[in-house]
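Scroll down for the structure; my scribbles are underneath it.
In order of appearance the chains are A, B and C, and numbering begins at 1 in each one.
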Amino acid sequence: MSDAQGPDDAPRLARTIESLLFLSTDPLSTAELAEATQAGEGAVATALALLSERHAPGRSGIALRELGGGWTLASDPDSEDAARRLFSRPRVSTLTPAQAETLAIVAYLQPVSRPEITRIRGVSADSAVATLLDRGLIEEAGHSQFGAVVYRTTTQFLKLFGLRTLDELPDVARWDPTPEEQAELRDRLLKAGEARAS
Amino acid sequence: MSDAQGPDDAPRLARTIESLLFLSTDPLSTAELAEATQAGEGAVATALALLSERHAPGRSGIALRELGGGWTLASDPDSEDAARRLFSRPRVSTLTPAQAETLAIVAYLQPVSRPEITRIRGVSADSAVATLLDRGLIEEAGHSQFGAVVYRTTTQFLKLFGLRTLDELPDVARWDPTPEEQAELRDRLLKAGEARAS
Amino acid sequence: MSIGALELDLEVFTGPFDLLLTLVLREEVDLLELQLAEVVLAYLDHLEQRGELDLETATEFIVLIAALLELKSRLMLMGEEEQELDIEPEQAAEELLARMLDARRYRSAAAHLGELLARERGVRFREAPLPAKLRRTIVAPAEGSYDAQALGEAMGRLLLMPPQIDLRHVAVPRVAVSERLALLRGLLRRGAFSFEEAVRGADRMTVAVTLFALLELYKRGEADWQQGESFGEIAVHSPQAAMPAGAATLASAGGLAG
């Protein structure tokens, strides 16, 4: 297929892209789609817009989602009851608090080592890390300078949590106490320390 | 979802069925679809007719096919050229750190058993070993005296790394962080691995 | 259940555990007035009601209660034994603050991830292998397309010995309770002794374990003790020995028991 030219080309390109997204397990970026279809990125964007109309909620049981650094097809959540009846395997069971915390630490601090996770959580993260690895939510990403294996989140993580990129995670400081509260807390802790020292 | 009754129910059922066919790797029979959607087989047949219109050639990049006594979605043959371009890209640079390490251990220490690889890496090497086997970079080479399968690199490995013989593997001394250590490579690797794991 | 939701009905506080933590951090509840033992008892009650031990929750509880105990014992030291402290107060305060903020940050971030996951409920993805026809077209990489240097680099990483980890801040149980029990029993056989005697020259860890051993002896009815005033000498004796009226026993170990 050559670059979009005729009036029929956008729908045709949309169909090709729909096919590719159907075949690929990983999200496909606009650049990858452009390369595979030998179309320009602009034409791909137009075709994706067409597709997204075609797969608008209430029109199709397959949704077009921008996730994990690219585009991917997903099931319409409305069909979840039927899907659960048909497939014995549930989607992702919920995370335990330990798993969620470990995942949060990896997501925000990646690449991060297991000892570091343990230090932040104050308890061993071994079993949580193993489960997250097993579910494909995190993966190894080499070694730290001290030789410990470091971990990062996967595309699967972005897909399952509905994120386009990691940048969509809110700044972790958002949950901090206000600077005033922090300053006050620091002051009080210091005073307690000074009271001891005097 | 209950059996189709209102005028809106056929499209809704069609969407649910579209979802299920999208998710399922195997063809689904009308009976299976009826059970999962809790609709009658007649209603399922009507919905499938709707879907087949929606996925008629020239309309969608995903085709509805009747196959092996059931229904399945498949990619549109028109997109085959693009799919071939997308999926046939040789994936060269995809040795993950875990795979590179596992391969290095096998290359330098062969024959070497999986438990030994795990001890050196400080973490399980199962998935890396599986991938390397799958890619034909390593192969089984009998059993150790303790009964564990041992691995060695393949001819394919030499080819892909542009080596004539294993003697051409680069000298580890170039990357040795503590060259003054005098023990044998294997012993030092095990010692470092155990220190990391502890 | 998250441990944060544990309902408490204490002398100085009524409400969920996580609110208590917040109030303690803001010093709206005075940690010195808070009987941590009560919190532990409330947790044990809760366990009994549930009839099962959830390890995740139990771990979380132990971490939090240990942090509170550490904080409380630091507050209680009030200038004494200053020289024995490993860390400067400023540093300790900063460290504590940083740890509290970190823990709070990632607990909140974890909750946020939970919301994201819940929002995506019902969204599934197709996980089918490529059709055989397409799979066959996957091209093997060209000869010499991998760099052997990468293998050498990987070996270098694997040869790296991790540096000694600084464990000074971690309470390593180098002292066995059984050891200290034996020591205390030995002292008891010779008659009464002061706690100071039992721990003379010992490090803080040993002192703590010895106190623990003493509590154990008390529980078993093998020992009793008196302390005339707060931070005063603790005289230990076997329960048969004469005990002057008004002698405080457990209560004088007061703060330490929580």
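Simple rule for what comes next: a residue touches a chain if its C-beta (ideal position, glycine included) is under 8 Å from a C-beta of that chain, and two chains touch if they have at least 3 such contacts.
Bear in mind the structure is a predicted one, so any value in this text is a computation, not a measurement.
Visitor: Measuring between Cα centroids, which chain is at the maximum distance from subunit C?
Guide: For subunit C, the chain whose C-alpha mean is farthest off is B.
Visitor: Give me the ID of the chain with the smallest distance between its Cα centroid and the all-protein Cα centroid.
Guide: Chain nearest the overall C-alpha centroid, as shown: A.
Visitor: Please compute the C-alpha centroid of subunit A, do the same for subunit C, then give the distance between them in whole Å.
Guide: Computed value for the inter-centroid distance: 33 Å.
Visitor: How many angstrom lie between the CA centroids of subunit A and subunit B, rounded to a whole number?
Guide: Roughly 19 Å separates the two chain centres.
Visitor: Based only on mean CA positions, could you tell me how far subunit B sits from subunit C in angstrom?
Guide: About 41 Å, centre to centre.
Visitor: Can you list the subunit A residues in contact with two or more other chains?
Guide: Subunit A, residues with two or more chain partners: 22-23, 73, 75, 78-79, 83, 142-143, 147-148.
Visitor: Send over the residues of subunit C in touch with two or more other chains.
Guide: Residue numbers touching two or more other chains: 124-128, 130-131, 134, 157, 160-162.
Visitor: Subunit A touches which residues of subunit B in the complex?
Guide: On the subunit B side, the touching residues are 1, 12, 14-20, 22-24, 28, 32, 35-38, 54, 58-62, 73, 75-76, 78-79, 81-83, 85-87, 96-98, 121-123, 192, 195-196.
Visitor: Which residues of subunit C touch subunit A in their complex?
Guide: That would be residues 2, 25-27, 56-57, 59-60, 63, 67, 74-75, 77-79, 82, 88-90, 92-94, 96-97, 99-114, 116-128, 130-131, 134, 157, 160-163, 165 of subunit C.
Visitor: Which bits of subunit B are touching subunit C when the two form their complex?
Guide: Against subunit C, subunit B makes touches at 22-23, 25, 74-75, 80, 83-84, 87-92, 95, 97, 100-101, 103-105, 107-108, 120-121, 159-163, 168-172, 174-178, 185, 188-189, 191-193, 195-196.
Visitor: For a test of understanding, state which residues of subunit C touch subunit B in their complex under the given definition.
Guide: Residues in contact with subunit B: 124-131, 133-135, 137-162.
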